[in-house]
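Note that chain A is present in both complexes that follow, paired respectively with chain B and with chain C.
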Partner chain A sequence: MEILIQQLVNSLSVASVTILIGMGITLIFGLAGIVNFAHGEFLMIGGIATWFFVGMGLNFFVALLLAMVVVGALGFVAERCLFRFTLDRPMNGFIMSIGLSVILQHVVVRVFDEFQKSTPDPLGAVWVVGDVHIIAMRAVVVVITAIVVAITYFGITRSRYGLALRASVADQATAELMGIPVRRYVTGVFVYGSILAGLGGALMIGLFPITPFVGSVVITRGFVVSLMGGLGNVNGAVLAGLVLGLVDGLSAGYGYPEWTDAYSLVLMIVILVVRPQGLLGGTLGPKAS
Partner chain B sequence: MRFGITLGLPLVAALLSGIATQTALAEDGEIKVGVVAAESGSFVSAGNTIAAAAKLATQQINDAGGIKVAGKTYKFKLFIRDDRTNVDTAIAAARELVNDVGVSAVWGTESHDFSVSMAKITGSAKVLQFTGNSSLGGVLSDESVAKDGWLHYTFQTEPQEWQRSTSTAKGVLSLVGPKLKTPPKHSVVFVGNDATGQYLSENYVTALKAEGQTVDLVKYPPDTTDFSPLLTRVKGLNPDVVHFWYNGDSTLIAFPQALKLGVAPAYFLFGVDPGIYKERGLKADQPVTMSCVPMCWGSAPFQAVKDYFEKYFALGAAKGPQSSVSLLYYDYFFMYAKALEQVGKLDDPDAVVAALEKMQYQGVVSAVPLSFNDHHQVTFATEVCLAEPGSSDKFKCAVEAPPATAPKAN
Partner chain C sequence: MTMEFLNLKVPMALGGAHGKAPAGSTEGAGNRGRRIEQIALAVALIAIVAALPSLNIGYRFLSIAITTGYTAIALYGLGLQFGQAGIMSVGHAAMLGVGAYTAAMLSNHLGVGFWAALPASIVFAAIAGGLVGLPSLRVSGQHYIIITFCCCALLVICLTNGGKLTGAATGLDVGSIPRVFGINFDKLFNYYYLVLAALVITLGLVYAIVNSSYGRTLRSIRENEQLARAIGINVDLHKIGVFMASGAFAGLAGILQVYYLRHISPTLYGAFPSLYLALMVMLGGGRLIYGPLIGAIIVNFLPEVMDLNPVDSRIAYGVALLVVILLLPGGVSSGLLAIYRWICGRLFGRVSKAGS
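Here is the complex of A and B:
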């Protein structure tokens, strides 16, 4: 029984980082219409930046905030200098993002090196309840993710900006006629999604070491979550992230462990066949006139 | 006239000296050797050590005056290629080195299945290949290393897997046993599910069973970063010892997670040097053993090995989890150089192979002279170390001699 409870606890923490990655992708893809395959590298840079700032002697959580700023700035530059020119041709943007991901990997390897980077566990504590081990940092990751999800959800569904954003997605031309600066919203969404990637990377390096190549591993899961949940749908990303976390935890615990990744992908295929719009439905990006 | 002689003699002398220098330069030549290694990608920790060892060995040989072959002096010139832990890139690099650059020998690569693919290119071009992959044992045979065999020019520079697995298993259990309340009986081998992991773990499981262990094998997807669900499964098996086998980078991600989840009363980390254990400040309340491939950086058994690592890092090599892997490549530059000198010509790879087959060479990696068996494989010992509980830098180590025969599972 303890093992089952431990697996459920694990699933929640596995799901948290996945949700952060998936949420960034789902916002950028679903609301800005940009397929950014370099999103995983944005996450990696968030982790590396955190490692760098911690190495300079900063507190982990201060480093985390700085890493979010760094990746947000990176997202701003990428959107303004690159993706802005591909908004009418998403496939060009997609291919460009693949190139960008390789370039970012090599830049990090050149500036630092190709080896694993790690930070000391920011909290270090482990709470043992019965025989269930709850790692304090993982609990913090879950809490931070919950807060970010809540902010994002209410920002999109309840705020004036969220309303304008949704209007832009529904009908770009009409939104522009109504005075909504759609391009600026696209930039804003891209930067916000990038900040989430930075946060994800920072939290990830708080949990375990990362390498300059980790982005290519996590990006697949990010897209799985965003497609499974429904593009642009924050609730969908959360639900899909939780489902994936549960599938990972239970399949690793009770299925063939070496097939853990395959279970998630099979589930995604089934969902996309049965519900092409994702679990909770979504968008396909801004509809150009 | 006198003026002419005064001015002319030094001029003639200078001209003659210039001609002599030019003749010496003309006599000096270079021997092109290639290195194919993962300098990026998932196998980088092992791969980068090949290039670093190659740089050190060739620098030492060249600085000592190079190689004398048939009265001429030659120096090694290295051509290093990054295979990016990608088999297609490794094959392309091997083709380029063999066909375009014209190397006479290739070192690498560390990724097991890549080496076999590369051997098909080097072998047909009669280019020697030195590769530290024990999985070559699956294809090195009487037929394949015979003069017309496809692996005639390939040499396996680490011991056969059953030898390494057996000495490792013996070393781990003998160091861990006294630290536990009861002797360990149940082991779980936790391994990446790729070609190398499958091959290596098969031998290690057999070796553990031969030592009387009940063994469960748990495989994980190779790119796993969050190991907590898999480690919880391992914990549910109630092991006495969890053996993290074989990728040092993955192990360094998984091991701290295992400690936090309280997975087992003892651990073994394959291919993790004590040096990196100390550098990372790793610490456990439980006994943690680690084996090196083959002699440990951070707790070297012989002075020669200590000296080697000093020079290795002084040359700028990175302090990675598997720095000791470099020892699988270093000595063989000197063996190759010696073979070329013995043969006395550069254009006879068959004679070089024959010389290597007969050679005894006292290198750094082994306390006894290195030699290749009939299947072009070497034999030497493995060092296993125990990190004292609660310590990052106190190690007790043992050098386990390789067994003479393959183990049979009980």
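Here is the complex of A and C:
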């Protein structure tokens, strides 16, 4: 029983990072209409930046904030210089983001090296509740994710910015006539999603070591989460992230761990074929071209 | 001057059925001249690449040429799927993997040699292509691309967990190709000619497909799927058909790859190789007949020519891809064609104008 609870807590912390990735992708894909294949690399850069700042002697949480700024800036540049020009041809944007992911990966390998990097456990504490040992950092990751999810959810569903954003997705021309600066919103969503990736990367390196090539694994999981939950749907991303995290965590303990990644992939292909709009429904993403 | 260049470039960038860009437009006035042009170009190209080994170019160059050759074969499959039917895949290395592993498993477990395994590789890769293509009937656009990526990841997981059957993470070894008419394929020169022969056959087949009524059907699906369906084209059947053709070429490339490398492992067919295949097609251009070949040549020879290390060369591909997509959406091949037509236009006046 203790082991089960421990497994649950562990998978919850892994699920948190997955949720952050999935939420970033679901917003960028579903609301800005951009499929950013380099999102995994954004996360990797968030992690590497955290590692770099921690190596310079900064506190982990200061490094985390700086990493979010770095990745946010990266997202801004990427959107303004690249994706802006392919908004009407999403397929080209998609292919371009593959190029971007290759570039980012190898720039990091070039600047640093290709070996895995880790930071010392930022809290270094273990909480004991009954017989259950919980690594403090894992709990902190879950709490931070919960806060970010809440902010995002209310931002999208309740604030006037969220309303304007959803209006732009529903009908771009009308939204523009109503005085909504649609393009600026696209940039905003892209940058916000990138910041989430930066946060995810920073939290990830707080949990386990990462390599410059972690992006391609992460992006697959991110797509699984965002497509399973329905694009642009924050609730859906959270639900799918939890399901995926639990399936992973529990299969690592009880199932066939070597097939862990396969479960989520098969699940997603089935869901996409049966319910292309995802479990909870979404915007269906930008129109396919 | 600039204006004229732009005028020529625009229809090609759009690339639709109306421009002169598609190699398949058999209608039109300058048709005969263009066909002679094409045949002359093909003969010249084949003569050049066939003469390469006798120029004493060294083993390193030759082995890169072999890699380029089988990569180009796989790219022609992807080019058919993307350029003609308009369905991209970022999991195409999986098809190569099916072809390669079919050959390697047949050789390891049943003792079947290269020549007998060749059709099996092609057939199995074609079947795999059709299976991966099935979701495209329901899911389109970027969603489908993501599915192809996931299928590729799935295959790698299966290969890694396949135990003795697939050699798990270490992979499988194969022997050499049995001699035919006394030709020893262990020699690099002979292997080069084998790959070249396969490439020429591939080119011929792709040219035939692109210029057949089947090619036109595929392009009609690419341009407007609803319209194609409405005029009675069996869109679903043709889509699966093009996936199977694409898989078959990848299977051929796969078996050539495994017998060249002599050893394969799952990482050869994972996410990165798949992304590079997609990158090469986009770089070269999927719609023109020489596009995939140009893409393969650029990506394989660039590091050698510019003396880059692998990391730098990958950054260079990435940057090249961004530049090509932003400035030249039809790929390098369409840019070259535009330049060629422009030069022809300057030299002969009206010739190149006839088609537009």
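Assume the second predicted complex is superposed on the first by the 281 of 289 C-alpha atoms of A that agree within 3 Å, B and C clash if a C-alpha of one lies under 4 Å from a C-alpha of the other, contacts with A are read in each partner's own complex, and residues count from 1 in each chain.
Quick note on the criterion: contacts are C-beta pairs under 8 Å (C-beta built on N, C-alpha and C of every residue); 3 or more make two chains touch, one makes a residue touch a chain.
Everything numeric in this text was worked out from a predicted model, so none of it was measured.
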Side-by-side fit of chain B and chain C on chain A, or clash: clash
Which of chain B and chain C A:S118 touches, first, second, both or neither: first
Touching partner for A:I95 - first (chain B), second (chain C), both, neither: second
Partner chain(s) touched by A:S11 [first = chain B, second = chain C, both, neither]: first
Touching partner for A:P276 - first (chain B), second (chain C), both, neither: second
Chain B versus chain C as contact partner of A:E258, first or second or both or neither: both
Which of chain B and chain C A:T211 touches, first, second, both or neither: first
Partner chain(s) touched by A:V109 [first = chain B, second = chain C, both, neither]: both
Touched partner set for A:V266, first chain B, second chain C, both or neither: second
Partner chain(s) touched by A:H133 [first = chain B, second = chain C, both, neither]: first
Intersection of chain A interface sets (partners chain B, chain C): 105, 109, 258-259, 261
Parts of chain A lying in touch with chain C, wherever the complex brings them together: 29, 35, 82, 85-86, 89-92, 94-96, 98-103, 105-107, 109-110, 216, 220, 223-224, 227, 258-259, 261-262, 265-266, 268-269, 272-273, 276, 285-289
List of chain A residues in touch with chain B within their complex: 3, 6-7, 10-11, 13-14, 17, 105, 109, 113-116, 118, 120-121, 126, 128, 133, 135, 138, 204, 207-214, 217-218, 248-254, 257-261
Residue numbers on chain C that touch chain A, as the complex places them: 88, 90, 135, 138-143, 145-147, 149-151, 153-154, 157-158, 160-161, 271-272, 275, 278-279, 282, 311-312, 314-315, 317-322, 325-326, 329
Contacting residues of chain B [partner chain A, same complex]: 39-42, 44-45, 48, 193, 218-221, 223-230, 232-233, 235-236, 249, 252-253, 256-257, 260-262, 280-281, 318, 320-321
